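Structures incoming, each one as structure tokens.
Here come two complexes built around chain A, the first alongside chain B, the second alongside chain C.
Let's look at the complex of A and B:
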């Protein structure tokens, strides 16, 4: 297979503060004419010195920033970045969010002037209710972890309301659940009880039984988790947890492989969350913007963060009068443009399209698993489990690392040399040696997946034949390896030019002092 | 950085011929009789070849002959050869080689647990060590995962590229070979060593910084110590995990032995079984334990001072187990083993137990009678 012969642009320009020359200007403006009155700046407010700005022409500034963008944003490759469910969001959906009816409104406007936006939020709530069986969704959370935190905060409000918060102090989860579950439960003050994976690839009922009891406030669980193995005992799990009095939360981070095939409510869960920036096609980048859609049963709805969008007759309004509400998770109603994009995605896909996307994502992953399995040196997680994985699974570079000393971080660096996004390794804790987690999803074509696998096979070969080439990668990128240790030395970096100047001056002073 | 290299030329010979190790001259002779071939020299060379490729002319101080020089020559490395006496095929070779290497910052050795023990025992304090895995037994936390990985870690250190850091908390373990040949696994902690660790700074994009294992252990131990019940007897087992509990109480742990506390006071250090039993009265008994790396032993290995009677008084509910998630994830089976010498008690202990892994964080672990 022909692999991309890629090279990123590389510009070794100084920072903008060091560009240009005295007197250079972006544009030259004429002095004000006599007849124009010029406001006098009071003497006390006038600067004593000139601001230290770079003196540079408009063209040079344009050129410089174009170069920077080429180096930072220049690569659009194949990204099978697992656990992120990479999807393409159409320009049509993008255009919808640029319309003034959305782009120019403000949440402080009177709801009567926001009816269109509120209608979309309300209708999308309905779509998610259909996919989950829950009774009410809110979109305040700025991501999946924030939605998990919504659950932890809701559980706190729920148990406090019943006077049992002092007793219900524990949250039970799996070691392979997304780490935001234990982290947010701990942030909300709960003690975390993890369950280990056992021979079936998920925790045993026995372990669950030993963990739950009168202290259990809630169960937070993914199914499948990143290993891609569906826990068929999940109904029994929920039954046991509820028998112990606990609330049950379904983290739908891995929804792609099961969307439209199951309903969280039918499995017995009290609440769940979806990530609109993953499963529902809203774009993401640089850690945001994102939305964690949080839904729950009528019984838990009084504790939801306010406001909640409700429909009264033909009018949509914001319900803020919720005395049992846990309060705010985030300001206003969440990242509304992302909700609109997810709504557009769901409407464009339709129920049948969503079902088919789910099928494709599982088939694509199984195709990829088969092809990856043919490469010597890499190994699927839980190799003893013959069951097919769902929409993703974790893999291990362990055997190749033993053989060649090339680990998953080295490997990821080298992938970037082929114009392919480095793979996602694994959430913490790493229970698979030298992990990586690809996810094909329904977006990427067979050709894309083949090319991605082709790159993996090539780098495996390189690890054996020219390990130092892999170890010192990337070679074709705008910058090479970042020496992470510089972050430990405050002298080596600064957040602003002024701070940098100060640190540098301090250094020079120290040098002349010691000389 | 001054790096010394030592090869234990007989390490690992037992493995291919069905022996469980080559501690002691009798075992070596037996291994040779069975046709064993030395593994450690060629494996050391694989590691050094990686170093030579990445850092040509890197300077190493090596012991003469088969203890080092033979395997390091002609790779383009800058060797400073020091000679010890003629090899005897015993642990004395390793100790003498360390002595003639003199002041080095770290020693790279090719061997197994036995060699690791000898190196750790002879090394001057503050010096680091790194094992090129060659032995039959490798339970110590001082080994790279492969000779190639060892070579890359060495190159990272020589290049000073910031990828490799250090930890002082690596456990040096060894298993009693005589017991192992008789079919009984008896790992024991011999001390802590300073080893290089390769930091993974790659995942910040989504994963955030990794939780530091040492900080997690200290936080777990502090919380466990704060929850001490007044009047209860706290028996603290060997190892750095249980030792963190003693530290949280403000005491330096014996580390290789068992210490006993009540109400924050240390009653006895490095106690024997009868001494521990002498403190039993009608007040509750709690036993603070770590887990042996890899094998996952909880009771009955290296902590036999804690007798079945004492364990029975504590019961499963009275065990306070400390281990980081990192350590639990390296266990060869997702279970903890007990062998108290009393099969009925072992059965009583079987089931699930909470292992504290961090502040406010526990892992349910299956306890199995071994």
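Let's look at the complex of A and C:
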């Protein structure tokens, strides 16, 4: 296969603090009008120093940040980045949300002036209710992890309302659950119980039975997991957990392969969350603004964070009168433009399109599994499990690493030299050696997937023939390999330009002192 | 599951025959075969019942725009709403840069392949650090309230104490988020939230009440500068000194757009600083423009307590070249799951890029100009409203961009005044009458650089007419 002869743009772009000249301006503001007296901050609070910001022209700012965007691959190659479901993000939806009718809207405006956005939120709530079987969704959580936190906070309100929060102190999950589940539950004040995986790829019913009881506040679980394994005993899990009184939360982060196929409510769950910046086609912005859409049953709805969008006759209202509400997870009602974009995705896909996307994502992953399986040196996780994986599969570079010394991080760095976004390795803990996790989703063509696999095969060959080339990668990027040794060194790390200047000056002084 | 004949523009494998070709390569006869892990009785029984698909871009656009047009916005109307989201000018270049698909898209990338984005993140922290006079700035968390919540939890870990003091005149919206972070009182690890009284003549924190509540069990004192109701905290250095004497951390919330004219919090003793990022080049987005930063001095004891992403500059394999990556990352929840510092995840990092562009456009002189303009126009607005019979600016000449207006002597409720203003194309200040601050029928007005003197006179004329 002919692979692209790629090289990233390389601008040698200085840090913005190094640009410009005294007195240069990128943005002017008018002086207060003549009738307005120029006011001053009280002397005790006045700023005396000049903040050390760059002084550049408007064009220089534009050019600098355009250069930085050009030195960002940002999925504009081929990205099969597992657990994040790479999708096309509609520019139609993006453009709609930038109109002043949304961008210049304040959440405290009178609801009469918010009917359009409330209608969209209400309609989208209906779409998610249909996809999940839940009775009410809210969008306040700023990401998937924040939706997990919403669940933990809701469980606190639920158990406090029953006078049992003092006893229900534990959250049960799998060691393979996304780190946000145990981390948010712990930050909410619960003790975390992680169930280990068994031979078949998921925790045993016996382990679950041993873990749940009168102390269990809630169960938080994803299915399928990031290995691509679906727990076929999940209905029994939910039954047992509810028998013990626990609330059951379905982390639907991996919804892409099962959308239109499963209903969280039919499986028995009390609540679930969807990642709108992932499964529902809203862009993620390199790490937010994102939305973790949180849905639950009527029984749990009184505890949801306020406000909730409701329809009364032909008008939409914000319901803030919710005495049992857990309070607020975050200010206002969520990242509204992302909700609008997710609504746009769902409308543009329709029920048939959503079903087809799920079909495609699982078929394409199985095609990838077949092709990757033909490359010597890489190995599927749990190789004894013969059933076909869901929309992503955890793989291991372990055999190749043993043979050549090339690990998954080296490999990822080298991928970018072919214009391919580095692969996702794995969340902690690494259960398989030198892991990587591809996910095709419904966006990419067979040619894209074939090229991606061609690059993997090429780098496997390089690992054997020219390991140093891979170890020292990347070679065709905007910069050479970053030396990560400073990141854990308090004397060397520098999170701002001023810290870096100070530490460099200190180094220079030390050098001149010893000379 | 049949294969549609008309391909969907967002799915390459929806082209006729494309999926079948893959099925043939895998060696299965139909799509159902790849779902073999799911037991038959798990598949949903209720059929999907979604609204009909909007089958073309034209139809999608029409649906979105026709719905959004039912909104009224703050460009067509004259708005004086603030309180957590504020109408500021967003330079066009900021919109261009945050709209770049390489930045807006989904991928995480690597330190090299996505170098430009990482540099932009570092430049956000660097420029904000210059405004704050602090050396460590974390990439923003979900919101200002969330930033305060994390900062309080940092302080409890640093001190081993479980009580936080904060102003009684706090924003109920942020306070509700803070209480969520501090956990219900039934829980062993609960953090007690204790309000400190306000000086009734100025709205500022009561130093005597603060002194009476400080003690060896206090982890942190939190205050805002300017405060929720707009007032500037002249005694900031004194508050920080008292907190330090009691062994507590001083956490401050600041408005970054004020920092061209207001003293940097790093200069009056703040230990941990939080604030909103939305004023730095992010549209209001109906509340979806919020994000919150956390900053501190570059001392290891603080750095080791951050929950999220700290972007550090670093050398590369090429002499003289720099790159960027995550410092102290093992302590976050990706690295340490339930043993991490609180938790992190997708946040509001696109707004860090907006902030980087915004701060580079303004520079030191731009921040001075915009600060002076906001301050002068807000004071002007308060004076004009104060001149209206029955209307009173509470704590006049003490604020930055927000101030409280009391309507008690007009005999009208804020709700009635705001309804009448809305009929005239004006969104009055946030109604704070029901917030329990004891300020009567009162509204929180926000005036920024976008409000001209003529806009302010239009407001004053309308209020005068309504309150006659």
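Note that the second predicted complex is superposed on the first by the 426 of 515 C-alpha atoms of A that agree within 3 Å, B and C clash if a C-alpha of one lies under 4 Å from a C-alpha of the other, contacts with A are read in each partner's own complex, and residues count from 1 in each chain.
Here is the rule we use: a residue touches a chain if its C-beta (ideal position, glycine included) is under 8 Å from a C-beta of that chain, and two chains touch if they have at least 3 such contacts.
Predicted model only: the values in this text are computed from it and were never measured.
> Give one of first, second, both or neither to describe whether A:133 is in contact with chain B, with chain C, with both, or with none.
Touch partner of A:133: chain C, not chain B.
> In the overlay, answer first, second, both or neither for which of chain B and chain C A:356 touches.
The answer is second: A:356 touches chain C but not chain B.
> Please work out whether A:427 is in contact with chain B alone, chain C alone, both, or neither, and reply first, second, both or neither.
Touch partners of A:427: chain B and chain C.
> Applying the touch criterion given at the start, work out whether A:401 contacts chain B, chain C, both or neither, answering first, second, both or neither.
After superposition on chain A, A:401 lies in contact with chain B alone.
> Mind working out whether A:111 is in touch with chain B, chain C, both or neither, as first, second, both or neither?
neither
> See if chain A has more residues touched by chain B or by chain C, and give me that chain.
After superposing on chain A, more of chain A is contacted by C.
> Once the complexes are superposed, what residues of chain A are shared between the chain B interface and the chain C interface?
Residues 84, 182, 186, 192, 194, 287, 412-413, 424, 427-429, 481-484, 486 of chain A touch both chain B and chain C.
> Can you list the chain A residues touching chain B in their complex?
84, 175, 182, 186, 190-198, 203, 206-207, 210-211, 287, 401-407, 409, 412-413, 424-431, 433, 467-468, 471, 481-486
> Taking the touch rule as given, give the residues of chain B at its contact with chain A in the complex, in rising order.
50, 53-54, 145-146, 148-152, 161-163, 198-203, 205-207, 210-211, 325-326, 328-329, 334, 351-352, 354, 357, 360-366
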